[in-house]
Amino acid sequence: MNSQNECLGRRIRVALVGGGGDGFIGKVHAIASTMDRRAELVAGALSSNPETARTSAVAMGIGKERGYESFEALIAGELACDESERIDLVAIATPNHTHYPFASAALKAGFHVVCDKPLTTKLTDAEALASEVHTTGKILALTHNYSGYPLIRQARAMVASGEIGDVIAVRVEYLQGWKQLQTTGTPKRGAWKSNPELAGPAGTMADVGTHAFHLARYVTCFQPERLTCHMRQFCDESLDDYGLVTLSGAGGPLMSVCVSQVSHGRLNDLRIDVDGTKGAISWRQEEPNSLIVRRQGQPLQVYERHPAAEHMHDAERSACRIPPGHPEAFYEAFANIYCGVYDDIVSLAASRPLQQNYPTVQDGVEGVKFIERCVQSAAADAEWVEF
Amino acid sequence: MNSQNECLGRRIRVALVGGGGDGFIGKVHAIASTMDRRAELVAGALSSNPETARTSAVAMGIGKERGYESFEALIAGELACDESERIDLVAIATPNHTHYPFASAALKAGFHVVCDKPLTTKLTDAEALASEVHTTGKILALTHNYSGYPLIRQARAMVASGEIGDVIAVRVEYLQGWKQLQTTGTPKRGAWKSNPELAGPAGTMADVGTHAFHLARYVTCFQPERLTCHMRQFCDESLDDYGLVTLSGAGGPLMSVCVSQVSHGRLNDLRIDVDGTKGAISWRQEEPNSLIVRRQGQPLQVYERHPAAEHMHDAERSACRIPPGHPEAFYEAFANIYCGVYDDIVSLAASRPLQQNYPTVQDGVEGVKFIERCVQSAAADAEWVEF
Amino acid sequence: MNSQNECLGRRIRVALVGGGGDGFIGKVHAIASTMDRRAELVAGALSSNPETARTSAVAMGIGKERGYESFEALIAGELACDESERIDLVAIATPNHTHYPFASAALKAGFHVVCDKPLTTKLTDAEALASEVHTTGKILALTHNYSGYPLIRQARAMVASGEIGDVIAVRVEYLQGWKQLQTTGTPKRGAWKSNPELAGPAGTMADVGTHAFHLARYVTCFQPERLTCHMRQFCDESLDDYGLVTLSGAGGPLMSVCVSQVSHGRLNDLRIDVDGTKGAISWRQEEPNSLIVRRQGQPLQVYERHPAAEHMHDAERSACRIPPGHPEAFYEAFANIYCGVYDDIVSLAASRPLQQNYPTVQDGVEGVKFIERCVQSAAADAEWVEF
Amino acid sequence: MNSQNECLGRRIRVALVGGGGDGFIGKVHAIASTMDRRAELVAGALSSNPETARTSAVAMGIGKERGYESFEALIAGELACDESERIDLVAIATPNHTHYPFASAALKAGFHVVCDKPLTTKLTDAEALASEVHTTGKILALTHNYSGYPLIRQARAMVASGEIGDVIAVRVEYLQGWKQLQTTGTPKRGAWKSNPELAGPAGTMADVGTHAFHLARYVTCFQPERLTCHMRQFCDESLDDYGLVTLSGAGGPLMSVCVSQVSHGRLNDLRIDVDGTKGAISWRQEEPNSLIVRRQGQPLQVYERHPAAEHMHDAERSACRIPPGHPEAFYEAFANIYCGVYDDIVSLAASRPLQQNYPTVQDGVEGVKFIERCVQSAAADAEWVEF
């Protein structure tokens, strides 16, 4: 966390789109984007409702002038700003169907983009966006925020360095329960997530499945060749709320993904197990400061988040803010995604090569492809679909 | 554990087949069958090697006369014994391919049978055995010993009584790692398990997959309609050592089974998660004294093994020997299977109906069917196979 | 986290003293004080070394003009600022011996104070400071940050509302290991903590013991009447690094405190168990999103951090930022202390009564008294000392 | 577990005293003493009530003739038996006040003794018994059964071999909750444990405190020089139900012991932490198959029970019956104590030196001394008492 904005000589200016309603993710963007004090939130179009957009902007400390009533007004207003005040980056925290038009317009207007997942609701849109990122030379990062956890970066580095040998099997599970008994003890949230017009062709498989799939790819660099998928609608009337995916990878490894939003009492239970030829690693999002490392015949090891220990890779170290035992969690991981983006904004300013230490538009394309392939397989009674 | 042999007025006499070599399961039978002091081990054919059979019998305290040199000699010898000394029951702890001939011969000789899983190496044999059990009126129990754990009995009772509503999804995972680096820190065991002649058509899917499948059926009464299966051979040259099965059940529920014997550092990691419409339960064999119960919006509950607590069902209570906090484990669960058998031997003596509080020959048939269907699906590139 | 600075109409302006060196706590103040976007860090005297102070200020984004070379320069400079830019609050993150002079001077200059623990190195200084807080009418908060965790606030509310009955016994343990093998894998930190001139009369008992003592008092409102204390110096040549304290409370309850900085592999292992006549609660800082609630004869309950569940008190709810399962941790808890301070700054501006939802100067006095009494008892061979 | 009764050429014959009532420990003796098939339970005086004694004997399969109506009848009857049938060993599972007279009489009658803890209710009796063991040359083992757990034996071997360096601090905690709300969900048990006439001068400190103290001594060979003790009676009207002891050891180490039978929801929560100069170990009875090993700056290690792994000592290996991951628990540990006794009975028969791989009469003397010193210190307001 020591890398700073040195070449830039100033804080990065962020605009937030969405986040004015009941959803929590907009507020996460507001805090995470600014928590390391490398950026400030200076503008926003916080709701599709103009009144909510205005009042939310004041509540969020953005102020009246730059609390725009619509995304379009935000883009127009910022382009009209003096360059010394104009935003650098648009953070998109709105329902899925708006990701493509908003991200595309932001890039074309010359802004970097941080966008919620999935990237788009259609693969063709995702591919178009990838092309626009290339053309505009702007940065687009996707908030697969779980890849921002220090120990996930450690896991990736361990796999990459061969510490667990070749990956043979990956198991990812992402379980939530909020679609059960929504009235008891949990706030009604994410109603749009069950509306195909807004969410796209999948429900749970898109909402949490893409996180699980990205996490597994991030840690292991697994290259899927084909998949089969089972989907169920146990509670949700419009879209899937439970699913099982099996992916076969290049060279033989097998990945299984299980997603649910109907598992009673599961909060945000994302887990990953990676089996390699020399060792295995396990991690669970709800206890993110521990990584379990197993080697046959040896004691099980618990790697605790630690910015200084010798058994840690630099990738882990640079994602830590505080000493071990002082737990870092969701916000800090989310902020690590933003830090990667800021590093690259500084790199651009300094004409240095990009590091892309964040989920890219290409990761977004893979995620949308995952959704479409899953839907296609599930519709064909779990038939194999090429990836 | 209070039920005794009262109507019988004596201990039950057990013969053990197998258990003289390096394998551990024979010794488990020896201890578990006698631990509640309702039975004594009086005879054995402990090895296919006559010399080993003799010396093992002495070491196990069976004595020379009834330490037979072969299964056949055991049956003949016991039939020649006076009825007041003759065995009641044959415990079969030998490689899979012998289960059918041994069990069949034991039944026909008039002995009850406790047999290791899987029941047989062929479905037709299993069905034949089921028929022989019916014809002979003898008891046959299969050592799906994990169903003997008190909290698994509690889980089954909770599902049966509707405490978690209708079952919608089941996830079972059974992970071991001993096929990795067999030379480091783990004894070479179960070589026959990789030999299709001895083990049958599947490796890991038979060895631990049938346990996982039985456990899930035991807890949930899930009725599979069809399945798809992926198998891999990451380490084993002859048979599968990793597998994924998806089962679709009558009425819509989905079961996923993952089995491995190539996951570094996993010892005997059998877990089950059951999602119901009103709640969910989770259990892990390596911490068998806790059952996790989740209900959306409420605190997570840990039911600890407890013979007296009000939230426990009789099925759990009667499987406990000691107060909570004094952990009971593998042997005690295994012995609970034997207790169920002894209860029914007493019932037979008293002309009372059987309770069948143990895995039956019919469970064995389902297990062998599971293996055959998995092999069939895996061979057909994970095609659906009717169950 | 919804309460805002509404009556103030602007962000609160913070100056940080200390934090420019290797220590981590200054950076924690910088992030935590601003993470909810209710305040900005506008000035600092970040090191006792003028050069470090200057460069650190630039690195922290404070800028040259208000990156003062000394505490005295900070106070003088800020008093010379226009009121519209002047700081509201001084955050003191320097070695213990400076707490009293710096806090006292800041209060007298008209600034609110957030100060690291322990409050002072002498009880008389602590009492003087309490008097100065009263006289000046300014706010002083002590960063006993562990009381900012949502589930600790839940625990306190549960005790206060009688949910676990009368408290009979409290056990607090705060274990670290960094004084062992400081060269292996851990950064050399806190050298001043072993220097009585800078740290005061106790080492570990002051550094972590006061946290443990405050946490126990915070949760239970335990009123100590007398204590006995054992101290050891296993590694540290100057001050205690291991200690045991037994406190006897008004009405009979017993509290035991164990502190260590010589326990291999313990990172920041603060735990509390509270036994009441109707129930018991347990919490561990390294897994801060769970609170264990036990009642005899009932299932153990795990209360997971949850801003909406019915079993949660408002005190917990208002300390949460995101939904359950998305872990919040050290920074967020630390920021909650700042939020309490900001709420009271707003209250002062609005002439409303203070809420004091943070550790106060009086808590600081109790902490310093705890240190002095422990040292006194330990010196007298663990004799009883009146509290 | 491979050691057998080879030199003896027969099973050892055991008589059980006590165990016919509601208490569970008699049944534990019955199972544990015979589970490895090295002994048989052939006689008993199972209750002080003659009728209960008779019926219990039948229920336990002992039979009428040797189901004696009193301890005295047992001794007389067995002495009258032919030597080829006579018992070798008396297992005493009766209230504390009978331990001395029964053990003494059994030794003098020429029988070995396995006795429940504490050894006696008076130190002078304990010392007398030690002298009688010496004089008679018989074996006396005390059922500090927790020292029978494989990983506790591993812990002891690790300490002894210097793997964690010199021991500096030990923390033992033994928490139960059954004296709270005895009517809800827990069976009324151990009423005699609150009666000083039967239990001796201490309640919880004797009942579980001696276990905790023995465990700590067993693992660390800690030599106490003096102690201070606080006792409370939160629920129990006659004897202590909560206590804190601090022991200072030869050479500087510090041990703290906390015992409770009034902590809601704690079942049998015995834990030990040992801090050494090179490492630290932690173990918890309710999860007995894991031992945590910590070294500063290195990953935390979990040693799972494992009869074959290289990081295990022989002492652990020889206490295991089955492969790792197949949990062994309370009964198996208890049986390990008996196995140690049987090994020494065989050694006596073979004129080999005793191994004393079980808690001895000297451990019993230390335990009773611990109780008396604790009571003495607590009565003197936690004054130091020489050990």
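By written order: A, B, C and D. Residues from 1 in each chain.
Operating definition for what follows: a contact is a pair of C-beta atoms (placed from the backbone, for glycine too) under 8 Å apart; a residue touches a chain by one contact, two chains touch by 3 or more.
Computed from a predicted model, the values in this text were never measured in an experiment.
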Reference subunit A; chain at largest CA-centroid distance: D
Equivalent interface positions on subunit C and subunit D, same or different at half: same
Comparison of A-C and A-D by number of C-beta pairs in contact, larger one: A-C
Distance from subunit D to subunit A - Cα centre to Cα centre, in angstrom: 55
Distance between the centres, which are taken as Cα means, of subunit D and subunit C, whole angstrom: 44
Centre-of-Cα separation between subunit C and subunit A, whole angstrom: 33
Where subunit C touches two or more other chains at once, by residue number: 184-186, 266, 297-298, 300, 304, 308-311
Residue numbers on subunit B that touch subunit A, as the complex places them: 164, 168-169, 171, 173, 177-178, 180-181, 184-186, 228, 230, 232, 234, 242, 244, 246, 248, 252, 254, 256, 258, 260, 262-266, 273, 275-280, 294-298, 300, 381-382, 384
Residues of subunit A defined as touching subunit D within the complex: 293, 297-304, 308-311
Residues of subunit D touching subunit B in the complex: 4-5, 11, 24, 27-28, 30-31, 34-38, 41, 59-61, 176, 184-187, 189, 266-269, 285-289, 304, 306, 308-311, 321-332
